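Per-chain numbering from 1; labels A, B and C assigned in written order.
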Amino acid sequence: MDVVIHAEALTKIFRDFWRRPKVRAVNAIAFDVQAGEVFGLLGPNGSGKTTTLRMILGLLTPTHGTLSVFGRSPRDVESKARIGYLPEESCLYPYLTAREILNFYGRLFNLRRAARQTCIDQLLEMTGLQHAQHRPVGEFSKGMARRVGLAQALINDPDLIVLDEPTVGLDPVGCRQVKDLILTLARRGKTVILSSHLLADVEHVCDRVAIMGNGAILVQGRVRDLLEQHDRCRLTFPALAPDRLEAVLQVLRRETGADPAVDHPTRTLEQFFIETVGQVRPEPTAPTGVAPTEGVAEFLKSKPKQTSTCPP
Amino acid sequence: MKNATAIFLLLAALLGLWGAARVHEQLWDYRARHQLLAAAPLENAPPLMAFTTVALGGFRGLIADLLWLRTIRLQQEGRVFEIAQLADWITKLEPHFTTVWAFQAWNMAYNISVLFPDAENRWRWVNNGIRLLRDEGLRYNPRNPNLYKELGWLYQHKIGYIMDSAHPFYRRKLAETMQAVLHGARLETNPKGTDPRSPMAPPEAGELQRLREEFKLDPALMRQLDAEYGPFDWRLPETHALYWAWRGLQTARDNPGADEQTTASCSCHPDAKAPSALPGVQACDQMMLQCLAAAFRQGRLDFDPATDLYVTTPRLDLLPQVMKTYEQAIARYDERNLRTVYANFLGEAIIILHSYGRDAQAREIYRQALRRYPDLDRTISYDDFIGANFVAMQKDAGDLPPPNAVAVVEGLLFQACRRKAAGDAKHAAEFERQAKAFRDIYMQARASEDHRLRTGLPELDILRRQAERRAQEETTPDMETKTK
Amino acid sequence: MLSKIIAISGLTLRTAMRSRVFALLIAMVVICIAGLPLMIKSDGTAAGQTQLFIHYAFGLTMTLLSIAAAWSAAGAISLEVAGRQMHVLVTKPVHAAEIWLGKWLGLMTINLIMLGLAGGLIYGLLRWTTRNAVLSADDQVSLREEILTAHSLIAPEQTVSKPAPPGGAGQTLSAVPPGETQSWTFRVPERTSPGNALFLQFQFATSRLERQMPVTGLWLINADDSTKPYRTLGSYTPHVGHALKLPPVAPGQLLTVTYKNVETAEPATVLFAANTGAQLLIRESGFESNFIRALLLVLARLAFFSALGLTVGALFSFPVAVFTAFAFLFITGLSGWIGTEALMAEVDLSPAWLAGLLNAATYGIIQLANFVTPPLARFEPLSFLPTGAFIPWALVGTAWGILAIGYGGTLAVLGFWMFSRREMGLAAI
């Protein structure tokens, strides 16, 4: 497997006006992100997640250590054509409309006009912003602006997608869509690196995670490996009558020597919310807000490991 | 509900604003009472200007300096089209700085005007200077006698005096303008047609308004000045200077202490004897005396724009009033310098009266002079005095100031007329000869065209006509009383 | 590369056009220029009023647009850095140079729009205030010939004094004693249109102590194809520029101009500056084309200010960038003065070595300031337009070469370099 991001002894020290070290935000971390992998950076606020992402994007220069993206310096302009970035806060031009913003970023990737318009249409459809595409984004809600940010990150069908707190500001439906999108992109062989402190998000979509604290990686590995309790088992079966359940428990007590815990499995609140909201179909063209959408943009669903339908 | 809240808030804001304004007024009064104001608030200023001067605070001096530097540079480069605007800004940035007003007005009237070769353009700049003081300076400083004096100075010296070769043009322009407005030499009180001797109709309402608004002359005050000291010919620059000096005195009398509050007056005049070195009130007084003396010397104007005739001759009837005013001033100030000036004036008056053959009146004045000035040589009789001074003056006619020279020539011609009328052809011819000889000596001393232009005398024929008319008037007592 | 630059400039333009600040700026320019004729106080002549209006309207436009250019340029990058839009932009495949150039191009388009608007308004108002219904025919002619035109000065080919001056060549003044003459020979350029009036512009000093006392002089003007010379006698004030309207002369003709110092009762020697004492004033072009060249001079200046703003904005946060840009503008505005008067000023204190040291240091600093600031005074349209002086295309070219390409280019390179090295992810400096 190809290594997309390679970090070794990566350190970032912030200095004051007199160049004196002030904060050691990232302290000698090392990690690799493989192609097609969804990699999560977890950690509390101030743990160094965003600094790490910014170094990957070339927004910050490492103080020490090695960092390469697609085998090149993070500041290399050519390799940026293969990157999509969703910042933590939506940093959009408030006087421009959603379509204008996407069009502008599309032009920076030298996308041809027709292809660009197709991509923009699909992304607007995907993010549910078609009806609001001609409104200045300065008037958008946080969630809507976030969706525009997501759309611009994907306009070039990037090979590496950097998502800083991707679900912040989104409603549960939006969160779910983002997570679905990440999984779809991963299936297509795209590499995703995301930072989040919402552990459920990471757990569902990430192949591997690194947990950071005080600028260092405390632990990293595959999610399943980290979370699986090998010394315990869970059985799921249809509900039984009390006497028959007691018989099964008797067998288990005998075999394990311990008292097994029995309860009814629950759906996640997210699952429940989506099912509930899904039953109430709003009007097809909502005057404001986000229109309900399903799935992801067509050009993002094309065959894995191929160049995008919106070639540069 | 939303609207009601908005209205309530608006009303509350207005109430707050009103309250703040009331408090502000009190604060302002308090500061003024305790002399905590760097600059007194502007009177009669438009809101924008009042705001600018307050908002700029101490920086306005800096900006005024920069604009002043620019004025100097532009002037040196001969690019004067911007000067009036710069002067306007500078003075408005420092609206209470009398020196600034005086300097800017003086600069336009004196320095910039002479940059132009033609009289028309010069006159425009003299007017720009006058307008700056009269229309703006006095508007913002109505209680400052210094500014009245400075304005009077422009009329008295720039237009009235011989410094500028274009001064005859200025005098004519002023006379033309005033004649058009007044329909004559002064504001006539008799309504149109009621007095058969009045050749012209009095000014109409529109013209009176023009007097007030354009020339800032108050008809009531003009009449008052005429009644107290005159009457005067309002086409003459000296009358305007007199009016403004008199207004300055009135202002100072109505607002005691205003003179001390003003800043130092201008010392920019080239003439060291300019009244500007004195405090405003005294300078106004001095200007009044000078203008009254000038009215005696040259207060009678024969002006005809059609033929370009402009001759000024003495107003002998004004002498008692001039003397009275001098004596009042001497009593008020008790200054040696003023007494000397008065003595010189009396000497001048004696010579002029003698020229017109009014020896009885001249003799009386000579007697008064001897009484008033104990250090004069009492052994010299009136006849000796005339003999010495008149003969000497005839020899050095070239050194005489133009109004005095005109007076002497016209006086001699006047006597010639009288003698001729009395059938004394021999003496009449002698006076004629003397007048001509005097004029010739005077004009010979003026070799250059520029000198002649500035200080030359009218032709002998013109002066003879003046003398004839005067002789005619004196034989018709009504005419004499009419001028009063 | 070009398409990215155009995309960024389009974005800059679009953002600016939709912001309230832009609308406010337009309103301010329109109100200021339109209200100017009501506020200015001229010397009372039509010519003075027109000159003052051109001077102030142009000056006001230049000041407002220069401030707006420096301000908006300072914010174009720094505000996007602060608003994090730049974080996204630099993660796209664009070079720092492309961002800088795109922004500059966008700002220049705005400058062009604003300048076109202001220029159109000034021109329209100028035509309106000098229309036939308002001014007399004489005023119209004098305006057309003296101010609403573009004329240049032609130096004499030869100067002949009688008697010959004792000093010989290299003199800066030529003296004409009373009764003597001085002649100048001018070649009327082929480019002059036969229908246009020619003027002789002259200025002199006299040997008198009274600076302003006029002298009488006789001018004899003789073209080589005419037999009868044109004569005019006049009284002229020293130290003041005079313009004498000459009879029509065919292009290419040799014109001999002679001044005779007429002997009067108060004679004075007249002194002419050797090169500029008498010059021929010819019409080079119409006012409109001169006006456009003046606008282009302003645009060159705006190009520099935009470059300056962008570069400091690429390095600093918005307030710091604005302060730096304005400080530089201020120093630049004073550069004319710095280059001349400030160099002459000297500190006088004891000990002498300290005074010498201080003077040397001050001199060095002033020279440096003079060197790093662009020579704006050289390309000042206000020195030309209000007086009807011709602005040559060469001057416009030089202005663009020095201000836009020279200084602007240097700033651009500095801007690319600093911007590419800047860590966007850091909190604003």
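Everything that follows uses one rule, which is that contacts are C-beta pairs under 8 Å (C-beta built on N, C-alpha and C of every residue); 3 or more make two chains touch, one makes a residue touch a chain.
Since we're looking at a predicted model, the values are computed, not measured.
**Q** What does the chain connectivity look like after leaving out chain C?
**A** Contact components excluding chain C, positions unchanged: A | B.
**Q** Which chain has its C-alpha centre closest to the mean of all protein C-alpha atoms shown?
**A** Answer for the innermost chain: C.
**Q** Among all chains, whose Cα centre is located farthest from the one for chain C?
**A** A
**Q** Could you tell me the distance, in whole angstrom, between the mean C-alpha positions of chain A and chain C?
**A** Computed value for the inter-centroid distance: 59 Å.
**Q** Just curious, how far off is chain B from chain A if you go by their C-alpha centres, in Å?
**A** Here chain A and chain B have centroids separated by 91 Å.
**Q** Taking each chain's centre as the mean of its CA atoms, how far is chain B from chain C in angstrom?
**A** Chain centroid spacing, chain B to chain C, equals 44 Å.
**Q** Can you tell me which positions in chain C touch chain A when the two form their complex?
**A** On the chain C side, the touching residues are 3-4, 7-8, 10-11, 14-15, 18-19, 83-85, 87-95, 423-426.
**Q** In their complex, what parts of chain A are in touch with chain C?
**A** These residues of chain A touch chain C: 14, 51, 54-55, 57-61, 77-78, 80-81, 83, 85, 87, 89, 91-93, 95-96, 100, 104-105, 107-110, 136, 149, 152, 162.
**Q** List the residues on chain B that touch chain C in their complex, please.
**A** Of all residues in chain B, those touching chain C are 78-85, 88, 114-117, 121, 124-125, 127-128, 165, 447-451.
**Q** Residues of chain C touching chain B in their complex?
**A** Contacts found on chain C: 40-45, 47-48, 51-52, 55-56, 212-214, 216, 234-237, 239-242, 264-266, 386-387.
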